[in-house]
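Below you'll find the structures, each written out as C-alpha cells.
Two complexes, one shared chain (subunit A), two partners (subunit B, subunit C).
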Partner chain A sequence: MKKWSELKDSSFFDASARERAVGLVDKGTFTEFLHPLDRYCSPHLVVLGQAVEFDDGMVCGVGLLGRHPAFIISMEGRFIGGAIGEVNGAKMVGAIRLALTAAKEIKAKYPGEYEAKRPLVVISFETGGVRLHESNAGLLAHAEVMDAFQDCRHIVPVVSVVGSKVGCFGGMGFVAAAADVIVMNEQGRIGLTGPEVIEQEMGKEEFDASNKALVYRTTGAKHKYIIQDCNYLVEDTIGDFHKVLGEIAGKSMEEIEKMRRIGSIDLVREQQELVKLVGDMQPKDSMDVWKHFGNENPAALPELSTAEFLKTVKRRARS
Partner chain B sequence: MALQVLEFNFKSAATQSIPKEWSHTGVTGSGDLEVLLEKKDLGGGVKAKVVTPVKGFDAVWEKMIQKFVTDTGVGNLSIEINDDNATPIVVYMRLRQALAEATAKEAE
Partner chain C sequence: MDDFENENTMIGRGREAVEQIVDPGSFKENVINDYNFEADCAPGSVVGTAVLDGKPVTIIASDAEAFNDRFPVVFGGVIGLEEGYKMATAVYKTIEADKDKPLAEKRAIILIVDTPGNGPGKLEEIAGMNKATGSYQLALAEARKTGHPIVACVIGRAISGAFLCHGLQADHIVALSQEFGTMIHVMPLTSISRITKLNIEILEELAKENPVFAAGVGFFYKLGGVQEIIEKIEDMRSVIIKHVNEVARLKAEGKGELLGPWGRGILGNERGGRVDRVKVMDKMKEEFAAVAGKYIGA
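Right after this comes the complex of A and B.
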C-alpha cells in the first residue's frame, strides 16, 4: 500500500478502501478496528460458495483531524460491489456508536474543551446497498446505521464522502443523504435505484444507462452540488478530501446542522418545494434544472474542470 | 456449493521470513485475491491456506505457491489467500507483490 505522503496526491477515485481510510486522517494516526488479521469474514458467503474477504469489504478505524478524533468507515467497491451484509454492516454501526461513546468520554474528561476535541464520523461510501446474499441482515444494518445517525444529531457530525468507482446507490443512497454533510469529487455519484436497474425496469427511453454523460448529469456530483445535495465539491485527490474534512471537523454544531438536507419540519418543507418545482416545470434533463437556478449555459457545465465549475456555477438558494 | 478450503505445506531451503509480524495486500475482487502473510516458526517451512470458490484446481494452486516459495526463498511464513477466480499468473504476481510490501522499509 502507498505511504501517506504518496496518498495525499493520489486519486481518491482510484484508491482502495484502506488507502482512503489511512489518507483521510492526519499522517500516521490511523488505527484500524477488526483489521484483516482478525479474519472477521462473512459466515453466509462461505455457505453459499462465494469468495470472502478478511475485512468483509469494509475498513473501519479511528484517526485524527487536528485535535478531533475522526471515526472512519471506508467501503471497498471491488469486493461484491461494496454491498452491505451482516459483518460489515455491524462494523459500520459499531464504529458510529464508538464515536458517540468517545464523545461522551471527552465531554466528561474535558468539559471546557469539547468543541476543540469533538469527534466526527466520516463514511467513504462505495456501495450498491444491501448485499443480496445476506439481505435481511443487510437491511437491518441500514436501519441501525440510520438509527445511529439520529443518536449523533447535535453531538457528533456525520460526514458522507462519495467519490469512488461504484458510487453510492441503493439503500446506502438514503443513508448518505441522511448525514449532516456531503463531500464529493466530480466522479462521485449518489442515487437510489442504479442507472442499469432503471433502464432494465422502465426501458431505455426512460433512462439510457449506457449514456455516461446522462448518468453523470443526473446522479453526479455537479448536479448534486447545484441542487444543494452536496455541500463540498473537491478535486479528486485524497489530500483535498483530507483538507476539507479538517475544515468540517472545526465547525460548530450549529454550522453543521445548517448543512443538512433532512431531519426537521423546515427541511421537509424545503424538500417539498423542490418536488413541487419539478412537478411544475417537468424538466426533461438535469440541465433544465440548472438553467432554472441561474446557469445561463448549462450545457457547458459538465465540461468544466472542478475549479472552473466552482468559480462559475449558480446553486439553488437555501433559506 | 460451499467454498473450497485448500491447505498446503512446503519445505523451504531458507528460513528467511518477513520483517513485520504480519502484512496484508490486495482485495478479493473478481479475478483477484487478497494475501495475508504472517511470520510463523514453522521450522523453516511455509504453510498456505487458500479459500476459493473454484473447484478442481488444487494441483495448480500447489504448483503456483511452490514456485513462489522456490523463487523467493521464503521460510517460516504462513500464507493465507482469499481468492475470487484469479488466474494462476495473477496469483503468482500478487504473492510477489505481498512479499515486496511485507519487506518494504517504512521509509518516511
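Right after this comes the complex of A and C.
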C-alpha cells in the first residue's frame, strides 16, 4: 500500500477503500477498527460457498482532521460491488455511533471546546446498495444507518464522499443524499435506480443504459452540482478530497446545516419546486434542466475540465 | 403466481385497509390538523387524519389504483417523487400539529404498507428520487424521536427500497401472514439466483435454515424486521392499537432504544436471526475505547 505522502497526489477514483480511508485524514492518524487480521467476515457468504473478504469490503476507523476526530467508512467496490450485508452494515452503523460517543465524551471532558474538537463522519461510498446474498440483513442495516444519521443531526456532521468506480446506487443512493454535505469528483455518480433498470422499465428509446454519456449526465457529479445535490466538486486526487474535508470539519454547525438538501419541511418545499419544474418541463435529458438554470450551451459542459466547469457553470438558485 | 389468485389478499386494497383499521367513517383524506393538501398532487399517495380507538392518528398509505399522469412510472402503488414528498410533508405537519403537546398526547402515525417500489424512471433520476425517499425516511425518524408512536402494517407488498421508504423507519412493524400473499423481500429467490449465479435448489434448501436472504414474512420475523405476524384480517385493527399503546408506553418509560431500526436489531439478535451485527459493534466499541484518548484529546 502507498504511503500517505504518495496517496495525496493519487487518483481518488482508482484508489482502494483502504487507501481512501488512510488518505482522507491527516498523515499518520488513521486507526482501523476490525482490522482484516481479526477476520470479521460475512458468515452468510460462507454458507453460500462464496469468497469472503476479511474486512467484508469495508474499511472503518478513526483519524484526525486537524483537532477533529473523523470517523471514516470506506466501501470497496471490488468486493461484490461494495454491497451492504450484515457485517459491513453493522460496521457502518457502529462507526456512526462511535462518532456520537466521541461527541458526548468531548462535551463532558472539554466543555467549551466542542466546536473546535467536534467529530465528524466521512463516508466514501462505492456501492450498489443491498448485497443480495444476505439481502434482508442488508436492507435492515440501511434503515439503521438512516436512523443513526438522524441521531447525528445538529451534533455530528455527516459527509458523503462519492467518486469511485461503482458510484453510489440503490438504497445507499438515498443514504448519501441524507448526509449534511456531499463532496464529489467529476467521475462520481449518485442515483437510486440503476441505468439498466430504468431502460427495462421505460424502453431503450427513452433511456439507453449503454450510452455512458447519458448515464453520466443523469447521475453524474456535474448534474448533481448544477441542481445543488453536490456541495463541493473537486479534482480527482485524494489530497483534494482531504483538503476540502478539513475545511468542512472547521465550519459551524449552522453553515453545515445550510448545505443539506433534505431533512426539514422547508427543504421538502424546495425539492417540490424542482419536482414541479421537472414535471412541467418533461426533460428528454438533464441538459434541458441545465439550460433552464442558465447554461446557454449545456452540451459543452460535460467536456469541460473540473476547473473550467466550476468557472462557467450556472446552478439552481436555492430558495 | 398463487399470490395473485389469493382471494384473501389485501394487495392493492390500501384504502379498504384504512377503513377496516380506523374508527368507522373517521378517515379524512388530505387533512392534517389545520393543514390541507392539494387533492390533485401525488395521486399515488394517501395521507390524512383518522380516529383510532378514540384518538387522532395520521394515516399514510399508497394507492395502487392511481396513475400519476406527469410521472408515468408511478402506478400500482409505486411511490414517486411527488408521493415521497407528500408523505414527508404529512409527517412534518404531524410533528408541527403536536409540537406543544406532552409526550403522551403526541398522535400516532400509521403506515399502511403495500408498495412495489420507488419510481424507476428517467425524470425521477434527473430530479433525484433518492432525495424524495430519503426525505420521507428522515421525517419519520424525526417524528419517532420526537415521541410520535409509528406503527407500520404490511398488508401486501413491502419490496426492497420501497419498504425502506415506507415502513422500516417505524417504531414497530406488523404484517399480515404469508397466507394473504404478503410479500417482504429485496428480490424473489429466482432473481437472486440469476444475479448471484447460485443454484436455485441450493438456495431454496439453504433458505430453510438461514433467513438472511430468502423472501417472506416469517424470515423477516426471525431477523427482527417484523414484530408480530397477524393471522386474520379482522385482527389488523386490534393488533395495531395494541402496538401503538405498547410503543407509547415504551416511549413514556424512556425506552426508545428498543424501538425503530435499532430496536429491530436487538430483536433480531434475540430471535437468533442476526447475531453477528452486535458482535461487530461491540468489538468496535472496545477498539475505539482503547485509542479514544488520542483522538478526543487532540
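Just so we're on the same page, the second predicted complex is superposed on the first by the 318 of 319 C-alpha atoms of A that agree within 3 Å, B and C clash if a C-alpha of one lies under 4 Å from a C-alpha of the other, contacts with A are read in each partner's own complex, and residues count from 1 in each chain.
Here, a contact is a pair of C-beta atoms (placed from the backbone, for glycine too) under 8 Å apart; a residue touches a chain by one contact, two chains touch by 3 or more.
Treat the numbers as computed from the prediction; the structure is a model and nothing was measured.
**Q** Clash or fit: how do subunit B and subunit C relate after the overlay on subunit A?
**A** fit
**Q** A:79 in the overlay: touching subunit B, subunit C, both, or neither? Say first, second, both or neither.
**A** A:79 contacts subunit B only, not subunit C.
**Q** Which partner, subunit B or subunit C, touches the larger number of subunit A residues?
**A** Greater contact footprint in residues on subunit A: C.
**Q** Using the touch definition from the top, say if A:310 reaches subunit B (first), subunit C (second), both or neither.
**A** In the superposed model, A:310 contacts neither subunit B nor subunit C.
**Q** Contact-wise, after the overlay, does A:48 reach subunit B, subunit C, both or neither (first, second, both, neither)?
**A** Both partners.
**Q** Go through the superposed model and pick first if A:37 touches only subunit B, second if only subunit C, both, or neither.
**A** The answer is first: A:37 touches subunit B but not subunit C.
**Q** Between subunit B (first) and subunit C (second), which, if any, makes contact with A:176: first, second, both or neither?
**A** Only subunit C; A:176 stays clear of subunit B.
**Q** So, A:192: does it touch subunit B (first), subunit C (second), both, or neither?
**A** Only subunit C is touched by A:192; subunit B is not.
**Q** Looking at A:253 after the superposition, I want to know if it touches subunit B, subunit C, both of them or none. Which is it: first, second, both, neither?
**A** neither
**Q** Does the superposition put A:91 against subunit B (first), subunit C (second), both, or neither?
**A** second
**Q** Quick one: smallest Cα-Cα gap between subunit B and subunit C in the superposed arrangement, Å?
**A** So the smallest C-alpha gap separating subunit B from subunit C comes to 7 Å.
**Q** Show me the subunit A residues, by the header's touch rule, that subunit B contacts in one structure and subunit C contacts in the other.
**A** Residues 47-50, which sit in both footprints.
**Q** Over in the complex, which subunit A residues touch subunit B? Could you list them?
**A** Spelled out, the residues of subunit A in touch with subunit B are 1, 3-5, 16-17, 35-37, 39, 41, 45-54, 76, 78-79.
**Q** Which residues of subunit B touch subunit A in the complex?
**A** That would be residues 1-3, 22, 24-25, 27-30, 32, 34, 36, 38, 51-53, 80, 82-85, 101, 108 of subunit B.
**Q** Within the complex, which stretch of subunit C touches subunit A?
**A** These residues of subunit C touch subunit A: 70-71, 73, 81-82, 85, 88-89, 92-93, 96, 118-135, 137-139, 141-142, 145, 160-161, 163-164, 168-169, 185-187, 192, 195-196, 198, 203, 206, 210-214, 219-220, 223-225, 260-262, 264-265, 268, 274, 276-281, 283-285, 287-288, 291-292, 295-298.
**Q** Going by the contact rule set out above, which residues of subunit A touch subunit C in the complex?
**A** 31, 33-34, 38, 40, 43-44, 47-50, 60, 62, 64, 67-69, 86-87, 89-91, 93-95, 97-98, 101-102, 105-106, 109-110, 117, 129-130, 132-144, 146-147, 149-151, 153, 170-171, 173-178, 190-193, 197-198, 201-202, 206-207, 218-219, 223, 227, 229, 261-265, 267-268, 271-272, 274-275, 277-279, 282-283, 286, 289
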